[in-house]
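Input: structures, listed below.
Look at the two complexes coming up: subunit A is in both, with subunit B in one and subunit C in the other.
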Partner chain A sequence: MATDVQVLQRPTLSEGITAFFRSPRAVPYLLLMPAMIVILAVVLVPLLVSFWTSFTSYNLTRPDTLYNFVGLRNYQRLLGNDEFWWAFGRTFLFVTITLNVEMMLGLGLALLVNKITYGQRALRTIMMFPMMFSPILVGFQFKYIFNDSIGLVNNALFDLGLITQPIPWLVDGTLANFSIMFAEVWMSTSIFAILLLAGLMALPKEPIEAAKVDGCNPWQVFRHITLPFLMPFVYIAMTIRSLDVARAYDMIRIMTNGGPAGRTELIWTLMTRTGYQNSQMGAANAMGYVSIILSIVFTFYFYRKLTAARTFMGGAQ
Partner chain B sequence: MATKYLARALLASCALTALVGSVAAQEFDYGSFPGYTLQVKLIGGTQYEKLYTRIPEWEALTGAKVEIVSSKNHFDLDREIKQDIATGQITWCLGSNHTSFAPQYGDLYIDLTSMIPGEELAKYVPGTLASAMVDGRLVQLPRVTDVSNLYYRKDLYEDPAKMEAYKAEFGTDLAPPKTFDELKQQIIFFADPPNLYGTAFAGKDEGMSGRFMEILRANGGDLFDENWNPIFNSPEGVAALQWFKDIYDAGAVPAGTVNYTWDDIGQAMAAGQLAVDLDWPGFAGFYSDPAASKISDVLGFAVSPVGSAGVRGGWSGSHSFSVTEACDNKEAAVSLAVFLTNDESAMMEAQAGNLPTRSATFGEVVQYFNENGKTALAEMFPIWEASLADARTPPLIPQWIEVSNVLWPQLQAAIVGEKTPQEALDQAADDARVILEDAGIL
Partner chain C sequence: MSRLSIEKPWQRWLIRFGVFVAMAILCVPGLWVVLTAFRPNIEVLARPAVWIPQNPTLDNFARLFGLSSAQQGLPVAQYFVNSLVISITSTLVAVVIGMAGGYAFARYRFKGKATLFLAFMLSRTVPGVALSLPLFIIWARLGIIDTSFGLIVVYMAINIPFTIWLTDGFFRQIPVDLSEAAQIDGCTPWQAFWRIEFPLARSGLASAAIFAFLTSWNEYALASQLTRTTASKTMPVGLMDFTAQFTVDWTGMSAMAVLIIIPALVLTFIVQKHLIAGLTFGGVK
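So, the complex of A and B:
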């Protein structure tokens, strides 16, 4: 009887862990462990460290300030910082406008290229050229194109007799924002075009042929067959691009560096100046965590739309 | 504040002079380091890299090898060095530095006075060496100096029609300006956009802050008082900012100048689009090169104008080399730093039009220019050398770049008309105060 009691005794924690890892139930976890360790090391740890620094006065050139806890001071300062909130709003506008313009143009390009029967591969390759340029090069290129005194645009307008005084493309608030959006759209529209073209190429022919047999005109086919089928691709592209528009930092750094007078300041130019030039990494990380709201909003919105689009597709099929 | 800086510079110069005693023409011992590999981080770019062709000579002399672990423009290099400090990864020995950046790096670099004999230090221009010191420590060995003076197009100043029109309008002869008011007057007078602008200025980053500081000091003002209170929102500061605003509002500068940096200005001047250019000595070689510049045969030089206080702002700084405290062979690193700034190296840099940091090189390079038909550069060097007497660096505090970063966007805001100069400077002064309070300086 006494022996039976000993057998029923609960194993210790270490014995439990050992038993678990020796059991077949541990296999999935063991297989996933290398990936989990890598993710912890390269994502979670830096994330936690940067989150901690946003509550400190961490200065890059004075590593000891990493432990100088200042509570919510960085966040409080941000709340009252007009410059930051203007940059925040401008970034929201920048992402919204460029994403929509890129999507519309990308869709148009994809539809056109999809119609081509000869030389489509060559065109697809040419279409990808802007993506191959470094954003810094694109920045220099458009800084030159929009330069008010020696730029291509103004020179062309002068030669055509359309202007008598140079247009300050990179100075005027509206024009400067237009110019950097133009550069961003030029560089990234092809990403949308390629992704949507992939969607078009995967489009089943039967529903389209059936619709044509039923007497639908091309617009009706596009509106009720092609577009609903493409929408998941559109939202996936939008989600990826909304997170990726941050690449525009290099380009804007070269074209205007957020100026003049903060007219083209986006969160990324402001954060980089604060973190790297001013060495105030604590304050810059606080900006980063507030600006994550923006990414979450865009990602949440596009995922909801994506789910809805897939549900619709399921219903349509 | 001006007196304070002057006094500091003089004290530092005197200290160095006392340290070195009499100047002796003794050769520096570059040492022997066979088998040792020296890791260095150097500023990249065409104008800086020619000097590095001398590195194999040093390798042959000492038996050591040099491994360039990073070569970037100075802003990227600055960012990388800060990351190294943050991560504690100071695995390299010698790095490019600049007088504007040096105060930020704390105790990253050694005091070179303990490693370089006084007689060797005596060969450097005393004022330049003094401005290379941070908190009384010589943390960098200067390789070239920058001080800005005027480049102008002689053909415009000697054009009879323009001379007559100028005389009729202002009652004085058309000649290179002696004051900033006169410079403004001439900038507006010459402007004939879009083909010709009076000038262009660096309108962002430290270029904007520095040029403002220069005119502010020339007007008798300064950035900070003796207790580091920001005082650039003074009447002298407002007048300095108004100077930029006036030429901008008159359309005498390209509207895009608020986004320009040095290269943009250099290109515009070389293309013959600017009448005058207040700029660094490094551009002289470019402007006087017929293959690259349209103004090579009409290039004139004049010393920088004075402000309303009758003095020059003399914004100055030096590119330099520093040796890290963490270096495992400081002797080798110091040896290379001295080698890359010695008389031969200084001559190589000066021949490209840069202002050298060794006293002996000034005379030698002018002789070289005269003998090689480079008369424009021979004419330019004495003017730039003379202006070194008024040269002053930005405040040598770690927070200078940070203060500059709150200053230039406000200067831009006033120039493009979003704020009045007083409003813009008041805002910048408030922001600068917060920075200095946070740093414990105020």
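So, the complex of A and C:
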């Protein structure tokens, strides 16, 4: 375990450091030092600045307002702001719906592909396709495809004779929400499908055979053997996904930018509008904190589930 | 598996049909953009719709690089270079730093290990948009806004936690005995790491590097606020140059989209085997 001590006891480092840093106990901390410094400088310090700013009336156009402490006013205003609550509710709904749909479709796709014996590798490659796309590209792609006058969807519906008037996919509020969710699901279902497929391939065969011998029907086998085995993989996928829920911002920024008339405004688009366009950095940072807490809660929840599943798996093996 | 699940022929066809439809949905949007990149603008706007390109052209790409006489000459070549420099530099540094961190988590017991690991993961959770607000303020005061350096540092911080997560999983896969045996045979721990453990973890490091590169290459939320001019604008930010208030240059944007996706596509195909292994082993075992 601790035999790699001398690694970091090169002369250059030993210069002027305390007894602690010479002891074997220091090695892991030294190895982690660069990572900690970077995270400290680029994430932690900015978060503190952001925290301070959320208690000031900081306006980008007047730099001296950064020191104008206003207490909880920004947060009070947020709580009384309908626009914010709509965006917050919409964000929560957006994340909940898309994560669930992605998970269900991903599971379905993994089960289907798992049944295919020939060309499975090629299928897996195709499934990785959306994972390589930048969210901004996904947004552009669907902005183009859902365009009411030249988009692929309306063109196809026209040529099939199903519609005579173009459907305003991105112009109507409800349809726009559907469109951004569709894009989000398109982008992220693959992650679930690929990870769950990897889980299915690692599935031990003996318990399934035993269950069949004992007279379980396919549904029972799935429900009581396959699904519990897959759960750690579900949590990995959920954790990886929840790390990045906010990347939907890029997509929405290019597709609707919160429009039409604020109907697809999520907390992330509202935040940039308040901060950069209206220059109200104080209020934007208050909103930023709400979004950070939202993201952390999501990730923390799935991460806990993952570690629990991990120890469970460890015990089983 | 096949012995257990004996399907009737109609079931097998149903499965194949389902897979076909799913794959079509995954492929068609991307293919449509690629097709558009090779169409003249008239064809895009034509009604009734032109499905198969009648006059394939490379004009859109020529236009991007200012080779065509027609209208705008966007500095796309410069954006491409910026993107490459920023992504590659931040990836290399993040992998080295993250590897050291992952090794520490995989091989040592120390006080606060679990908390520190969770802290790293949670630091990755902070949404880019939310982080961009204070970074914008600080970077502006430090004078590193609109520089490649400013963005490289940010991307390093974004990629380090995930690299730690992946490499931790990979190092834990490698038995400690191997390194210990090498040391008994006369290697220093430093040599043992580079000669034994590093080569074994190489596929994991490759997948970590690919993830880091893709994240930096594709990132928009932070780049859009921290870059201003051709000095540091990246490809995803440059893509927005094509949209005006009411008009969108569809063919130009499609051509640029193709340029953004090609490097990502090539890289992913090279290492796709490691990618999946990296994600699942890093997580479960």
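The criterion applied here is as follows: the second predicted complex is superposed on the first by the 241 of 317 C-alpha atoms of A that agree within 3 Å, B and C clash if a C-alpha of one lies under 4 Å from a C-alpha of the other, contacts with A are read in each partner's own complex, and residues count from 1 in each chain.
The rule we apply is simple: a contact is a pair of C-beta atoms (placed from the backbone, for glycine too) under 8 Å apart; a residue touches a chain by one contact, two chains touch by 3 or more.
This is a predicted model, so every value here is computed, not measured.
In the superposition on chain A, contact is made by A:Ser279 with subunit B only, not with subunit C.
In the superposed model, A:Gly106 makes contact with neither subunit B nor subunit C. In the superposition on chain A, A:Phe233 makes contact with subunit C only, while subunit B stays out of contact range.
Contacts of A:Ala261 after superposition on the shared chain: subunit B is touched, whereas subunit C is not. Measured by the number of subunit A residues touched, the leading partner among subunit B and subunit C is C. Applying the stated contact rule after C-alpha superposition, one finds that A:Leu32 touches subunit C and leaves subunit B untouched.
Legend: residue contacts after superposition of the two complexes on their common chain; A:Met132 is shown touching subunit C, with no touch to subunit B.
Once chain A of one complex is fitted onto chain A of the other, the partner contacts of A:Phe300 are limited to subunit C, with no touch recorded for subunit B.
In the superposed model, A:Ala198 lies in contact with subunit C only, and not with subunit B.
In the three-chain superposition model, subunit A touches both subunit B and subunit C at residues 143, 150, 158, 276, 281. For subunit A in complex with subunit B, the touching residues are 57, 60-63, 143, 147-150, 154, 158, 165-166, 168-171, 255-262, 273, 276-281. Across the complex, subunit A meets subunit C through its residues 1-7, 25, 27-29, 31-32, 34-35, 38-39, 41-47, 49-50, 53, 58, 66, 109, 112-117, 123-137, 140-145, 150, 152, 155, 158-159, 186, 190, 194-195, 198-199, 202, 205, 208-209, 212, 218, 232-233, 236, 239-240, 242-243, 245-247, 249-250, 253-254, 268, 271-272, 275-276, 281, 284-285, 288-289, 291-292, 295-296, 298-300, 303, 306, 310, 313. Taken together, the subunit C residues at the contact with subunit A in this complex read 1-2, 4-5, 7, 12, 15-16, 18-19, 22-23, 25-30, 32-33, 36, 44-45, 48-49, 97-98, 100-101, 103-105, 107-110, 113, 116, 118, 120-138, 153-154, 156-157, 160-162, 164, 176, 179-180, 183, 188-190, 192-193, 214, 217-221, 224-225, 236, 239-240, 243, 248, 250, 253-254, 257, 260-261, 264-265, 268-269, 272, 275-276, 279-280, 283-285. Subunit B meets subunit A in the complex at residues 75, 78-79, 82-83, 85-86, 88, 104-106, 108, 193-194, 197, 203-205, 251, 254-256, 258-259, 264, 267-268, 271, 273, 398, 401-402, 405, 409-410, 412-413, 415-416, 418, 438.
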